[in-house]
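Two complexes are shown next, each including chain A; its partner changes from chain B in the first to chain C in the second.
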Partner chain A sequence: MAAISDEHFSSLQILLKAPSKDAVRQLCADSFPSGAPESWRLAESTAGTLSVSAIEAKELIAALHTLSHHILFHNLTAPEQILVLFPKSFHPSLKNLITKIMLEHSPPWRNEALSNQISLPHLVEMDWRVDMKTASDSVSRMAVPTCLVHMKVEDSSCLRGSGALSSVTVELSKETLDTMLDGLGRIRDQLSVVAGK
Partner chain B sequence: MLQLQFTKDTLPDSVINDFQNLNKFNEQQFTSLTEILFNFLLEPKEADRFLHQLSEFAGENGMSAGPLRNLMKSLLLLPHGSLKKNLTEDQVKEDLLTLGVSEDKADHFSQQWSLHYPVLSRLAVGQTLMVNQLVDMEWKFGVTVGTSELQKVGNTFLQLKLVIRKGNSTENVYMELTLPQFYNFLHEMERAKASMDCFS
Partner chain C sequence: MLSIGQLVDMQWKLGMAVSSDTCRSLNSPHVSLLLKIADTSGQISQRSFEMTIAQFQNFYRQFKEMAAVLETV
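Presenting the complex of A and B:
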């Protein structure tokens, strides 16, 4: 992750050309996603809004992206912590506006970063059903309950939104289910011990 | 045409003869043979041990192993069929009498049958088809300390590894659950168990 430099802050001053505070707000939001600094489409529309060249717009987007990610990474939650990042010569009202917008967006950005982090495939959905086996080739009459559990997992390492949803159905006998619940109960107990500390 | 409960097929004469030959054994010999038979039924994988015990018996009692093995093969038809049809002790005894086995031998065999029946039926149920049977479950849970986007995080996660039997091989399925998902999963599994308990 790039560190914030003076060039970034001089790019940020381009925001003084923004038509409104909402335009600044929108720009901050648009430059956050990871693909934003490379997007020419965004650079061009920004260039149009601010009446600057595409190159300058691209530098502005990169600067906003770096700043927002820096704030998120270090979890800067107080205005003072952010204000101190800016050079002394930076335009004061713009500085305050950017700080305010960054703080506003931090919670949803944080949640988004948390949900996008790498992990094993996530459990998306889970269903179960209890069946009664009444006959088989080895026993012509029986009454054995069995449990079927269907789980849908999403592999989040694929592109967002197109995560491969794979599905697995598992059959459990009564003993297996009891053992599984035993294990799950132990997890719950350990969790409450940790939570109690 | 014999009316038997353990099978609907017509038994070949050789099989019927084998059953009637059981009467030639004395009480002690019949008891040993029954024991060898049920040992095999209780542990069907121990085929070698079964054959070995039969050879020993043949040697001790001055008979040839070959005919004895054939006799036992015929005799095995009765418990296999009875297990399939869930026959009671009395029904097994009736079939033995129909086949011409003497009263006291039929009595002894059917008593042994009812003695071992719970274990034998459990074994048969265990052989019943199971699709994607869950064989093992491993878990670990931990805390995410940091990521490339967030220097300090404190999220708990739970990782599950399920080992599933697919045909002859096993497949591992890995997944991660958040805490709320885990509690939901636990809750659903408890409901499934309660539902199963209603039936047993």
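Presenting the complex of A and C:
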């Protein structure tokens, strides 16, 4: 990840040409996602909004992207922590506006980062049913309750967020279910211990 | 008996993500599960996946409901 530099801050001053505070807000939001600094489409629409060249717009987007990710990485939550990053000569009102916008966006950005972490595939959906097995080719009469659980898991071989899912269906006897509940109960106990720390 | 895969084992891990390239200080707990499933020939396959704490609470609740239903049949 690029470190913030003086060039980034001088690019940020282009925001003084923005038509409104909402335009600045929108630009901060649009510059955050990965891929934003590489997007010529974003650079061109920004160039149009600010009446600057596409190159200058691209540098501005890169600067906003670097700044927002720096704030996210170091979890800067107080205005003073962000204000101190700017050079002393930086336009004061713009500095305050950018700081305010960055702080506003921090919680959703952090949540996005948490949900996009590297991880095992996620469980997306789970359905279940309790059946009564009454007969089979080998046993003519019985009454055995059984659980059927169907889980949809993200397919790890595909891109995250591509929506590709794989299905797992399992059957559990009462004994298996009881053992499983026991295990899940232990996880819950551990969670309470961790939460208490 | 004709059946779907039988759940034979469940392994679990409660993990705490400490840090990542996007957030230096994450402190984000998550639960990983590994299910071992036996088919009718005895062949074991495994599936593993992860859940957030909220998802885990829901998962646990569903299994408790299943157990409650089993008590009544």
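As a convention for this text, the second predicted complex is superposed on the first by the 188 of 197 C-alpha atoms of A that agree within 3 Å, B and C clash if a C-alpha of one lies under 4 Å from a C-alpha of the other, contacts with A are read in each partner's own complex, and residues count from 1 in each chain.
By our rule, contacts are C-beta pairs under 8 Å (C-beta built on N, C-alpha and C of every residue); 3 or more make two chains touch, one makes a residue touch a chain.
Computed from a prediction, not measured in an experiment: that's the story for all the values here.
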item: Clash or fit, chain B versus chain C on superposed chain A; value: clash
item: Which of chain B and chain C A:Ser140 touches, first, second, both or neither; value: first
item: Touched partner set for A:Lys21, first chain B, second chain C, both or neither; value: neither
item: Interface residues of chain A shared between complexes with chain B and chain C; value: 1, 69, 72-75, 110, 113-114, 116-123, 126, 128, 130, 132-133, 136-139, 145, 147, 149, 151, 153, 168-174, 176-178, 180-181, 183-185, 187-188, 190-191, 194
item: For the chain B and chain A complex, residues of the former touching the latter; value: 83-86, 121, 124-125, 127-134, 137, 139, 141, 144, 147-153, 155-159, 162, 164, 173-177, 179, 181-186, 188-193, 195-196, 199-200
item: Residues of chain A touching chain B in the complex; value: 1, 69, 72-75, 110, 113-114, 116-123, 126, 128, 130, 132-133, 136-147, 149, 151, 153, 168-174, 176-178, 180-181, 183-185, 187-188, 190-191, 194
item: Contact footprint of chain A on chain C as seen in their complex; value: 1-8, 10, 12, 14, 16-17, 20-26, 28-32, 35, 37, 47-53, 55-57, 59-60, 62-64, 66-67, 69-70, 73
item: Chain C contact footprint on chain A (complex, rising order); value: 1, 69, 72-75, 110, 113-123, 126, 128, 130, 132-133, 136-139, 145, 147-149, 151, 153-154, 168-174, 176-181, 183-188, 190-191, 194
